[in-house]
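Look at the two complexes coming up: subunit A is in both, with subunit B in one and subunit C in the other.
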Partner chain A sequence: MEKLLEIKNLDVAFLMGNEHVPVLNQISFDIYENEVLAIVGETGCGKSVTGSAILHLLPENAVTDGEIYYKNQEILKLSEEKFRKFRGREIASVPQSPSTSLDPMMVVGEQVAECVTGGYRQKKADRENIQTRIWDIFSHLKLPGERKICHAYPCQLSGGMSQRVLISMGVIAEPRLLIVDEPTKAVDWILRKEVVNVLRQMKDEMECGMMLITHDFGAASQIADRIGVMYCGQMVEIGKADEILNKPKHPYTKGLIDALPSRGFHVMEGFMPSFSELSAGCRFAPRCSRCLERCRRHIPEMYEDGNGRQVRCFLFEESGVAYRSPCIEEAVFNA
Partner chain B sequence: MLEISHLSKTYTSGFLGNRRVDAVKDVSFQIHSGEIFGLIGESGSGKTTLTRMIGGFLKPSSGEITFEGKNLVKANAREWHQLRQQIQFVFQHPQLTFHPRRNIYFACAEPIRLYHLDRHISEKDMIRHMLRRVGISEDQWHKYPHEISGGQAQRIAIARALSLNPKLLICDEPTSMLDVSVQAQILRLLLRANEKYHVAMLFISHDLDVIRAVCQRVAVMHKGEIVETGTIEEVFGNPKHEYTKKLLSAHMEV
Partner chain C sequence: MIKYIVKRMATVLVVLWMVATLTYFTVHVTPGDTATAILYSVGGESAVNSDNLERVRSKYDLDRPVYEQYFEWVINAFKGKLGTSYKYNKPVAYMLKLRVPNTIRLGLAAVVLSIVISIPFGIVSALHHNRFLDHAGRLFTLLISSFPSFWVAVILIIICALKLKLLPVGGMQGPQSLILPAVTLSMGMTAATTRMMRSSMLDVMGQDYIWVCRAKGLKWNKIITRHMLKNALPPIITVIGLQIGHVLGGAVIIENIFSWPGVGGLLIDAINAKDTPMIEGCVLLIAFGYAMIHLIVDMIYACLDPKLKYGGEDA
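On to the complex of A and B.
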């Protein structure tokens, strides 16, 4: 499969006064065509920042470094004017919290149309064309009362309906890559299922790549082909969805999955450190139950096992070798 | 311990109140002491209205709420002052439950001052003890609510609620805003309180996995009515009502 998006060693830092707070550290991953990559991690680990960095939507005090290629073209350092050709048309996003992302003073149909027209007046034929496309998408997403709903204001819609309106705003320009940010956060059980179904249907029909930012493992397991796990601004593990869920390698991924109510509900001690007080070694070391001496001093690299499975942990330094006993490792280190 | 019988709340609007919405309709259930009782339902099904009536923030249209033999519907302000010590709340948005301009220490000291609990032990020691129980260190005391994370805020909210030694804790979706790893920490905290101090809980959630892991009995609420009640095994293993079946079919296996 063709690579749609390729991120290489992306670093993002924020300038806070005179301080330089690093947020993303050496993020590298690819998204292939017609593939769904879920990015999973705790709140504040930098998932949404990654999404914003791709879309050039970071605040002004952000400092970025690294490379992002979209269809083999570097886009991270493109000027704002040139990047406009990509945002919305090639790479679109579905923002989080549907209730606050829509303009409360504008009917929904107009807001969706604006994504294609850019707010300019169109010829009558074009207008009708866009209108039919909106109806088409709305009926696809099973929005009740398709045609009438174009004239509804956001306050008249339920949470699930506004979520679907946002999704249609993302897909109306037929992008090749869709960045979906937390579509299932704080929605109830039945609605969550609905949103997941809509996204899965889109993946089959639109044939676009998708980056799904979430912390909902249930939803991710239903849609995603691959899952990347982030911790504290670093990608710690990336691999096929069912491998990550059933055979997690990195201790953090393991802890996260074990904390799920359906997976035994084991509590992982400690909290994610804040970005301004990071330790020198592996960022997960203070919470890790299998922490080695060297973990506290050196940051591990991403180790790949040949099948596209990458883990950022010293335990998997030699690819192909499964767990090495920590006590042997420590003995070697001490010697 | 808590008995709710035929409780209803109708909101009226329009000319002469001719437009009526039944937010809660003829709800009855009991919570025994030391029990964790789950309440499931989609958003807008009347769960929050129900908790507000139990907390005395809302007058029910009809029905009775009895807490340890006392009728809560007819209780006056002075009686409520005593009752609030026994019925405590944990809300969905942890950061919004704190006064934004007062620090954590004040937030924790307030219930102690209100109920004069510092007769045998100083206020500072008491706060130190209760915050240590939930893993908050002393250097966090002088932070403001916006400076702490959601998980920390929720743990402080729980510590504050438990500091009064309540008999009933009403948890209104305590973990729906939190991540899985923090969620597990919060739930362990609640389960420990239940084990150690025998605090009974009304646990509201729409996450069925959480309900299954925490509760002993469960009620399913739909459009203001309770459609099914039973133990976890009964309801999850053999759902009877259409809505419960629909809810269970929306489950996503991980």
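On to the complex of A and C.
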């Protein structure tokens, strides 16, 4: 399979006052064509920041470093004007929180159409064409009364309907890569199932890569081909979905899976440290039950076992060679 | 909608009655004899003698108890009769009809001027958040809102009328005499609206849906015109409505300084002469204008905001 997106050693820091607070550290992963990669992790581990960084939509105080290749073209350093053409058409996103992601003063049909028209007036024929496509997508996503919904304001829609309108906005321009951010975050159990079904259906029908950002392992396992686990701004493990779920290697991944209700609900101890007070060694060391002496002093590298499985843990040092260059986190931000 | 308007109109009536009552008794408890004040304002000191006083009192029923005068006035007012001005000896309604268009002209000029200035200024300020233009804009609004309008009026007269001789000092001689009073009157409103526009835009810029618009690949100017302005506007309309009320109040002073023949001037004259029917007429008119503007603002709001339009009764 062709590589669609390749992220190499991505660092993101936020400038707070005079201080750089590092949020993403040496993030590296690839997304292949027609593949769903789920990025899983606790709230605040930097999943959404990764998504925003790909889309060049980080806040103004963000400083980025590293490389992002889209179809072998470097995109991280592109100017805003040049990159804008990628948004929506090549790389689209389905944002989290459906209730606040739609403009409350515009009918939803218009908001979906904008993804194609760019907000410019279209000829009558084109307008009708777009309208039909929106109806198609809406009915495909099982939005009831798809024709009427086009003229509805967001306040007239339920959470699930808004979520599906957002999905339509992501897919209407037929992007090659879709970044879906927390689709199951603010929805109840029944709706979650529906959203998962919609995403699975999309995966089967649309031929595009998908990056699914979620903290919901269950949803990830049903949709994703591969899963990447993030902890505190670092990728700690990445591999095929069933391998990650059934044979987790990193103690954090293990902890997450053990905490699932279906796997016994064994809650991990401790909390994720704040980005401004990180210790020198492995970021998971303070919570890790298998922590070694060296874990407290050195940051482990990403070790690969040869089958594409990567783990950032000294326990698996022997199982593979270092995948990326060692990350010396001070190097970038104190420079 | 019609039910809502009828309900609002009933409230307006109650408000008007309360305003009128309060004004009536306030005028009455201010020191000084009404008949003396009338005579003094019409014929100067020489006109004030016991003969004339007696005649004025009996002519305007001033010798009757206050509450009787008040009830009679209220009943007449409900019938639409505002009475006769003591000072001008002409019907109040006639006097108002002469003056109201001038006040509307001045108020409208001030409001249009301030909207034309403040909305673009607010937008530019927000788009250049924390940069030079933003700081400059904020300093400017702080300055113009800190200067008292009567002081600005005098300074403008000195500079533009007396020194440069560009514009007339006062009165109403052609459109150029509208400029100075309108500028003075619009300043407070301009400052408040600019600041509101700026903060409203900043608020909208931070919303998730703007992020989504950018993620769609929309051009920045399209995001501003199609999404930001629409969402930033409703609070501005409220502020403009409130500010028009202030303009109505401010007009009383500004009209006097520039000798603009509007309702404000009439009101001040009437107060000096303790001309109760005239005062009541002016106050009622201003209060009515204020209430109407609020009603219009609420209706515009309801039309603009889909949440109010479709959100049902409790929204």
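What we mean here is this: the second predicted complex is superposed on the first by the 319 of 335 C-alpha atoms of A that agree within 3 Å, B and C clash if a C-alpha of one lies under 4 Å from a C-alpha of the other, contacts with A are read in each partner's own complex, and residues count from 1 in each chain.
Here is the rule we go by: a residue touches a chain if its C-beta (ideal position, glycine included) is under 8 Å from a C-beta of that chain, and two chains touch if they have at least 3 such contacts.
What you are looking at is a predicted structure, and each value in this text was computed from that prediction instead of being measured.
**Student:** May I ask you to decide whether A:H266 touches subunit B, subunit C, both, or neither, giving the answer as first, second, both or neither?
**Tutor:** first
**Student:** Applying the touch criterion given at the start, work out whether A:N9 contacts subunit B, subunit C, both or neither, answering first, second, both or neither.
**Tutor:** neither
**Student:** Going by the contact rule set out at the top, does A:A92 touch subunit B (first), subunit C (second), both, or neither?
**Tutor:** A:A92 contacts subunit C only, not subunit B.
**Student:** Based on the superposed arrangement, let me know which partner A:M105 touches: subunit B (first), subunit C (second), both, or neither?
**Tutor:** A:M105 contacts subunit C only, not subunit B.
**Student:** Once the structures are superposed on A, label A:G118 by its partner contacts, choosing first (subunit B), second (subunit C), both or neither.
**Tutor:** It touches subunit C, and subunit B stays clear.
**Student:** Quick one: classify A:M169 as touching subunit B (first), subunit C (second), both or neither.
**Tutor:** A:M169: touches subunit C, not subunit B.
**Student:** So subunit A touches subunit B in one structure and subunit C in the other; where do those two contact lists coincide?
**Tutor:** None.
**Student:** So in the complex, which bits of subunit C are touching subunit A?
**Tutor:** Residues 207-209, 211-219, 222-223, 226-227, 230-231, 304-307, 309-311.
**Student:** Help me check something: in the complex, which residues belonging to subunit B touch subunit A?
**Tutor:** Result: residues 42-43, 149-152, 176-185, 187-188, 206-210, 212-213, 246-247, 250-254 of subunit B touch subunit A.
**Student:** Would you tell me which residues of subunit A are touching subunit C in their complex?
**Tutor:** My answer: residues 55, 57, 84-89, 92-93, 95, 97, 100-106, 114-115, 118-120, 153-156, 166, 169.
**Student:** Inside the complex, what are the residues of subunit A that reach subunit B?
**Tutor:** Touching subunit B from subunit A are residues 42-44, 159, 186-193, 196, 215, 217-219, 221-222, 245, 255-257, 259-263, 265-268, 271.
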